[in-house]
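So, here come the structures, one by one.
Look at the two complexes coming up: chain A is in both, with chain B in one and chain C in the other.
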Partner chain A sequence: MLKLTRYILYDILRSKIVIAYTLFLLIVSFSMFRMEENSGKALLSLLNIILIVLPLISLVFSTIHYYNSYEFIELMLSQPMSRTRIIIAEYAGVTISLLAAFLIGAGIPVLIFSPTDTGITMLLTGLALTMIFTSLAFAVSVKARDKARGIGSVLLVWFYFALIYDGLILLILFSFSDYPLEKVTLALSFLNPLDLGRIFIMLKMDVSALMGYTGALYKDFFGSTAGMALVTGVMLLWIIIPVWLAVRYFKKKDL
Partner chain B sequence: MIRIEHISKRFKKLQALDDINAIFNNGQVVSLIGPNGSGKTTLIKSILGMVKADSGKIFVNNTQINGDPSYRSNIGYMPQIGRYPDNMKIGHLFAMMKDIRNAKDMVLDEELLKKYDLEKIFEKPMRTLSGGTRQKVSAALAFLFNPDILILDEPTAGLDPLSSEILKEKIIAEKKKNKLILITSHILSDLEEFTTHVMYMQEGKLIFLKEAETLQEETGEIKISKAIARIMKGEQPGNDWIDKVFHLNSNKKTI
Partner chain C sequence: MKRRITILLFLLSALNCYAHTITTGPAVSIKKAIASAKDGDTVIITKGLYKEGNIVIQKSIAIIGQNNPVLDGENKYEIFTVSGKNITIKGISFQNSGYSAMNDYASIKVIDASNITIENNTIYNAYFAIHLSNTSYAVVRNNSIKGNPKSEQLTGNGIHLWKSNHALIENNHIQGHRDGIYFEFVTFSTVKKNFSELNIRYGIHFMFSNDDTYLNNTFLNNGAGVAVMYSKKVIMQGNRFEQNWGPSAYGILLKDISDSYISGNTFFKNTVALHLEGTSRIEINKNIFKENGWAVKIQASCNDNNFHENNFIQNSFDVGTNGSLVLNNFDNNYWDKYEGYDMNKDGKGDVPYHPVSMYSMISEQNPSTLILLRSFIVSLLDKAEKAIPSLTPENLADTKPSIKAFKL
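Up next, the complex of A and B:
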């Protein structure tokens, strides 16, 4: 497996897209910290960019990589190599390269300019989101029949989590504004890893007061050890379930 | 040895394989023939586990194929269209395959590699190769690990006459080593020299699997291609596919 992953990593590095992504993150992070006097503010701006760009890059890059390595996968399948091993190696290769890109591109500036609790939390959230969206991309692209469908579906996934989901939440909040919804919104945020990540970091930044009573509830919940454990667990589930689905689909697939 | 029991496979509307039963033993060279879309490649891919059959069992060397990929170390496969990672150089491809198969203490068969002079173009990336050179790479890879079973899908298509001759000699040499060789080809005259058994498929059904000698006796033809033509005419009136192939072949010879 490690051998396979090594070849996949080598192939990804040659394509230079990951290097471009790293540079992009580096430039954005450095310019954010340079422009803002207050490193907390810079972190917040950076967070907003990361929450939009990181899932998009993870999704699209993983999907394109999967379809581009179709030949490689075919070649490996004619060898004594199990399907699970092949697809996990592919996932590991893509994830490792994206994680490294994020650690270098956003990690170095954050550690230089804002090596605080909040900064570290943001990095951890970024790493978790990278793994989550790569794994979602794998589930979708293994299931989709061709490249066009795959990329289309993956963009839809991004639209859903980045835009549509928040709209739906707002709709629910407005329609049922006569009822106490704090706990419901808390539960709903577990259904979107992006929201979960955002709330998690916001609370670390002490801007939760802006969110009113809901913010207080969040603070109460996420501040507790049980709350933290639950968030970590949910994030892990968001990584594991799509990968497991991808493996399942891939095992049944005709190539 | 390969044993196929009641294999069926359906792709949406197309019945690709319809209750196929067959046994192939060591020392046999089985020619799989049939019109385009008759299920030859699907059958081969089912044996390799790349296509998952809807029902039925396949045994390779007496062990049933079910998830455990180790049986594939006994099979050398040359695909119809060799597709390889674009960025990889030929030398790198061979090194990778050896590495993945842990070939350090294996006896490698590099005869084709040498005869096709592939070592001279080891620095060429796969994407720049012509169809014929790709075929040579596929052939060299299929024979590289000295497998007991060779599955060659249209091996001579796209090869120049000299390379084609080298490959045929190689097949004859391997046949003498008591290996099982499964070949599909539309160029019947190519199969003439080494075929021991003929398997004819049409629309996913096995029409017959016979020894070449029996076929010759039954039809009174010495040439296998003619014998098949005769059988097909007798059993399947109106089927003129074989005539066309034949016609083409005889035309070539007159030129």
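Up next, the complex of A and C:
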């Protein structure tokens, strides 16, 4: 399996898209840190990249890669290897390359210009989100019949998590504003990894504002060991469940 | 022995009219020493633990501790009750003064006095630590006060002044009381270089106190920050307000204040740095607002307040308000969120900056929506509001936003 992952990594490197992604992150983050007077503002722009661009790229790139290496996968299937191993090796290859791209592209500038609590939290969140959205992309693309449908569904997934879901929460918060909603919003935030990551970063960035109202509750929850363990657990579930689904579909799939 | 000392003292005082020094010892209690002292004398309290209950001082004497003597109130008594003029209390440790729901027991209580100096004392576990009423020209300096806070009802204030004038409160360290410093009906007084932290209510709390000056104090992590109410002609300069966190915690809460100056202060990491309610004619300039939840919350009941040359840096929200009426001026500040341009290179942005974001209006109405801050949909809504303002007050704008941060 390791050998297979290595071949996939070579293949990805050769396609140069990941290198372009790395350079894009590197240039954008460097210029942001150089342009802004205070690093906090640059971190804010970086936050937008992590919450919007990073999931989009992870989703689209993984999907395209899956469909492009369809023939390679078919070839591998003719070898004496289990289907589980092949799909996991594919996932590992794509994730590792995207993680490396993020670590180099965003990690280096953050560590140089702003090696603070907020910066480190942001990097960790970015890494987790890369893994989560790659695994979501695999689940969707294995399930989808062809490339067009695959990319379409993946874009829909992105649209849902980045925009629609928060809109729905806003709607709920306004329609039920007469009721205590702290616990409900906390539970709802677990259902969207982007929200989870965002709240996590906000607890470092906007802690003063958050302490104002329900913030104390969030701070208590996310600040406690049990809360941290739960968040890490939920993040892991967001990685594992889609991969598991992908493996399941892939095993049964008539290729 | 006691007699001899008394006789000696008597003889000495008969011999000359200069001031005397009376030293306490195993045989001479503080009460006795004070009883035998005359106006202008000095009573020296030597090292040791004294449990003498309530000590009343009504003569113009100096009471000076030598090698840090400790006066214990046994959780029952008020320790010093002072009234008169020209009295100095210096270098003494007070501990465990009593609690009473009927009286405001204090470690040092000063009533109807003038020219009082309270210096270099340490006060530990008091109900009220230093309590001054109807006192003029008092100096409270270099004292270290530490309380043991239980609840607002069971804890008194660190330095409490009532109906006093011309007081100087300088260089004290106060922690763990209800209000660090409390002023009521205090005029022409100065509070400077004090450090007030971890008090369960306000770092400084003043009401009905006019013509006072607050310089270079630090207020850190108090339950509700600092409150200034029903006063006029107050000057606040060079103070630091830090980490006052909570649903009703403010760097400064201003209520019904007029004709005052707030300048050169630093507000760092407060939930609300500056809250204004019913205030008028205040000059707020050259302050730094950094990493606060809301830098300024200004109610529509405020008028003629001027914000100039302040730096607003990395606040979650710059300005929040509760209405559309704007009678205040926000020109010429630096806002790090400003996205305009400066074509004629005069250092001032050519497009006005609107410091009230739509989301700050929304979260004012529905605080639980704060959790969606920084999400994609919220930034879209904010951008849409910038293009076509509907919720935010259009007049609340900085028409000459500075392009560069002011050097403060």
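Here is the rule we go by: the second predicted complex is superposed on the first by the 249 of 255 C-alpha atoms of A that agree within 3 Å, B and C clash if a C-alpha of one lies under 4 Å from a C-alpha of the other, contacts with A are read in each partner's own complex, and residues count from 1 in each chain.
As a convention for this text, contacts are C-beta pairs under 8 Å (C-beta built on N, C-alpha and C of every residue); 3 or more make two chains touch, one makes a residue touch a chain.
None of these values were measured; they are calculated from a predicted model.
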item: Partner chain(s) touched by A:198 [first = chain B, second = chain C, both, neither]; value: second
item: Chain B versus chain C as contact partner of A:185, first or second or both or neither; value: second
item: Which superposed partner A:173 touches (first chain B, second chain C, both, neither); value: second
item: More chain A residues in contact - chain B or chain C; value: C
item: Touching partner for A:52 - first (chain B), second (chain C), both, neither; value: second
item: Which of chain B and chain C A:249 touches, first, second, both or neither; value: neither
item: Overlap of the chain B and chain C footprints on chain A, listed as residue numbers; value: none
item: Residues on chain B engaged by chain A in the complex (per definition of touch); value: 11, 45, 48-52, 67-73, 75, 77, 79, 83-88, 96-97, 99-101
item: Residues of chain A that touch chain B when the two form their complex; value: 3-4, 7, 11, 14-15, 68-72, 74-83, 251-255
item: Chain C-touching residues of chain A, taken from the complex the two chains share; value: 37-38, 40-41, 44, 47-48, 51-52, 162-163, 166-167, 169-170, 173-174, 177, 181-182, 185, 189, 194-195, 198-199, 201-202, 205-216, 218
item: Footprint of chain A on chain C - complex, ascending; value: 245-247, 249, 269-272, 291-294, 313-314, 316-317, 336, 366-380, 405
